[in-house]
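Look for chain A in each of the two complexes below; its partner is chain B in the first and chain C in the second.
Moving on, here comes the complex of A and B:
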């Protein structure tokens, strides 16, 4: 199945980077080489938390050509469903885990004359791999990295030391904001912009760039959504002839998988479109949270993205 | 003027649209022959953007018919080129100095559109972000797939390659990289058996 080829790994290092972010390093259990990847790729980490299996995507931040290890950074989310808390509190060095082959939904466009990176908070991680990739080919790039306060500006010191003229940090609590207007108006023809961070930042930069006349093809962004907890609900899987119960902390996709039904996926974050599922019948309301379906599709009641979206109501029948 | 409506063809064959004003910091317009009409129409729709426009125009057979009208638009810059090859250095300089936010508009023959699009692409403008409108002759810029020589403004099919002399059949197979359609030898298996030439789309 697409995107589901698995790799057995061992947690080889855990590094607490700041109050919120911890970095995990994985190596192959059998000591072999990991596949190379392209900067911007993510891996899906399987977390067996008691009887619950969670699969969360994380951008790989290590050097794409370093086949000895993958590193990811996990930001603790106390309000989330527990995946990041599991990583922070339960995972220890030496633990065996399962991750997916890398998948890239946020790759560099190598036709670009210049790569302009805009990062917000933990959104820095895909850029760390992309910067390493570009440095090998003497690529032309520039990073604008915004965080709440200096103590959360993980990687700033390291980046500034290595690339003092290419990296500009900004701290919200010091009233520093990216000067987007002057930044966008002075870029040479052929520049591509890449944005990774909170939704507000992505929307702001996309809108400004579009207003300045940047073509859509030159604007790239990635925002993974974590599935939000919600009221439990029941769904019928028509093809498999099964009725499943989706728990409060479970996503619809996870419940489908737990029932032993194979469902396609790539990002598990509402971005890639791989898990799109047809709705055969419903009585209730959908809670659509993905970036994939169009507004018309969302109101049509004919489609759902089970990785991040939920349902509330009496009846839901899916074509799965 | 109503543009020529090309019949549906294979996927490789370029399709053209109708120019419309897009928001942007600067506007680069490259046109030949009757392509001037598309630019004049566009400028009349929106007077504000013409000050920020750089028009590169190659009149070809239309000579001075549209030149005065283009001057009256009062564009930021107007360059009149004697031929496409003579205008290339001007196009490259305009692209080299351009910033992101530049909008590109191409109007005229397929040869002009294809070659100018190629210049824009090599400056990093995504080809899908370039607006095009076909105007004037349906003659094509052809590459001989055998000798690789280019024959400009081909209107009769089949035609004789001006480089190697083979009889070439005009295909709809197009190369964006070469900005040319592909011409393939029509009498390879039976030399001399060449059908009468007919004008394209007649």
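Moving on, here comes the complex of A and C:
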């Protein structure tokens, strides 16, 4: 499959939520309805930044049943390759953009008796849609949301007002920390846990839950990596017989696409496995950044995930 | 109405027939003179005008009679329709997908009027006019999946997606080629595929699963599968093998043209938006040898495919014993001329 179907949208609203986070609302350019989706889904936003085309995934945070609009939140990343900065500084209300159909790699397990959400920072966004979804069906949920300081606790006030008994905020700077041990031990049988936030948080909660004897299938997490900048490199695409140059701020996947070669993807964040590409020959070292390949696969030199991983060296030949 | 619906049976007297139009649009599955098992997926985004690929859910002359046959099967065996408790949302997804598609694709046959959650569904061929509240089960005579699949040709499996796997957690299965929903319900992708011979190379299955997991809203997929059935029997389920298995022995050189059917399944896959489940409709098309040989290219090709099919596959598809008789029937239609590429008649 080649990506997913695209939707032409117009930026209908921009709201600055705090120093770091800005919220964007999209509506269909022709005024029609957007597809419904399930809480946890993301959309891939295409950003034409001068001659560079960047495709970044963002969780849709609006009500899954609201087909009039999608909203996303973008956290400014000053160290990144410029996607979030583009959204923050260049995008204006009324701009036309292209986004993908919603894709869900972090969906609710509808068998769960209770959904326990653990969010860190901007990781709150998929839960906002999931909460709206569960509220419609009287689902049983609880949210623990940790951020650095109250001024960055976007959405906290709104959530607390609506669901005072279901939401617990925590602020790092006030030395508040999720009491994981008591939280995990006090859950009813059939609870599923969902984690979205920084890598450290995901690893911590997963580890604790596993140590507590929670089955893997009841632990869900989502961590999309943003492709990081790196040294430019060259790659040969064997099947299409092309040589491509991957720029400093470009991902390998973007460079493949720019060369007009079709390559599969879903998450563009090293999580879904769709972009897995075989390496035919190489001389140099891989900078694997995905969490799809196993450690053995990473050291084998036979596979690379071009959406987030890079290469440094003399020669790289890909089966693409 | 644009389609003339047949009054026919898939049991007893077997009055099932294909019109010339139905023969011309039959999904002949062999694009070359030999057959090899392959997953062969393609996008399900329409197809040539009038072909079975054109619409999302093909409605043809057999519609009304097939729905009557489904009713008979369900009355005898209600377990042919099952849905685990967490699959209700997926059922609504499917109901919406089918109602919206049919109303758009066949405006003269189906209508859907929506005012918020208040919906009215009109199904003219089956004389149904139902007002109901979307997402409120109490306003429909059956659960949403059962309600809509009692009005849609083909079997339906709804697969829940969890833990990088697919789980057969709901379905309406009354026309299946020898498998059982009651047996497979709750199984994952690897468990329910366990009995397929020849494709046991795990690689094929892992690739197929990966493909299915990646199917997204807006990009449905499809493939064909085929087998041979004696008599135009829709319900060739393991539960009823004692009834239909014996019919294989009723073939004679005189009746084989009418009684031996090529059975082709159009399998499609759609992502369901609200539940993130995957629906897998399996639509069955039947054509007997007599009608099939009216297309010279298909006659030549079917002869070659059946003749050269490996023994294991002919056994798996259940016609190894009748193969010589089938070949005797087809041989006179194969003059050895080359056939053109692709499935369409010349």
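Going forward, the second predicted complex is superposed on the first by the 317 of 320 C-alpha atoms of A that agree within 3 Å, B and C clash if a C-alpha of one lies under 4 Å from a C-alpha of the other, contacts with A are read in each partner's own complex, and residues count from 1 in each chain.
Note that in this section a residue touches a chain if its C-beta (ideal position, glycine included) is under 8 Å from a C-beta of that chain, and two chains touch if they have at least 3 such contacts.
Please read all numbers here as calculations on a predicted model, not as lab measurements.
Touch criterion met: A:5 reaches chain C, while chain B stays clear of it. Of the two partner chains placed around the shared chain by superposition, chain B and chain C are both touched by A:217.
In the superposed pair of complexes, A:186 makes contact with chain B only, with no contact to chain C.
Contacts of A:36 after superposition: chain C is touched, whereas chain B is not reached. In the superposition on chain A, contact of A:111 is made with both chain B and chain C.
In the superposed pair of complexes, A:266 makes contact with chain C only, with no contact to chain B.
Once chain A of one complex is fitted onto chain A of the other, the partner contacts of A:101 are limited to chain C, with no touch recorded for chain B. A count of residues in chain A touched by chain B and by chain C gives the higher number to C.
Of the two partner chains, neither chain B nor chain C is touched by A:278. When both complexes are overlaid on chain A, the residue A:13 reaches neither chain B nor chain C. Shared interface residues of chain A, touching chain B in one complex and chain C in the other, are 111, 216-217. Residues 111-113, 184-191, 211-218 of chain A touch chain B in their complex.
Within the complex, the chain C residues that touch chain A are 84-87, 89, 135, 160-163, 210-211, 214-219, 221, 273-276.
Contacts from chain B toward chain A in the complex involve residues 22-25, 95-96, 98-103, 123-126, 128-129.
Against chain C, in their complex, chain A makes its touches with residues 1, 4-5, 35-38, 40-41, 64-65, 101-104, 107, 109-111, 133, 136-137, 216-217, 264, 266, 272-274.
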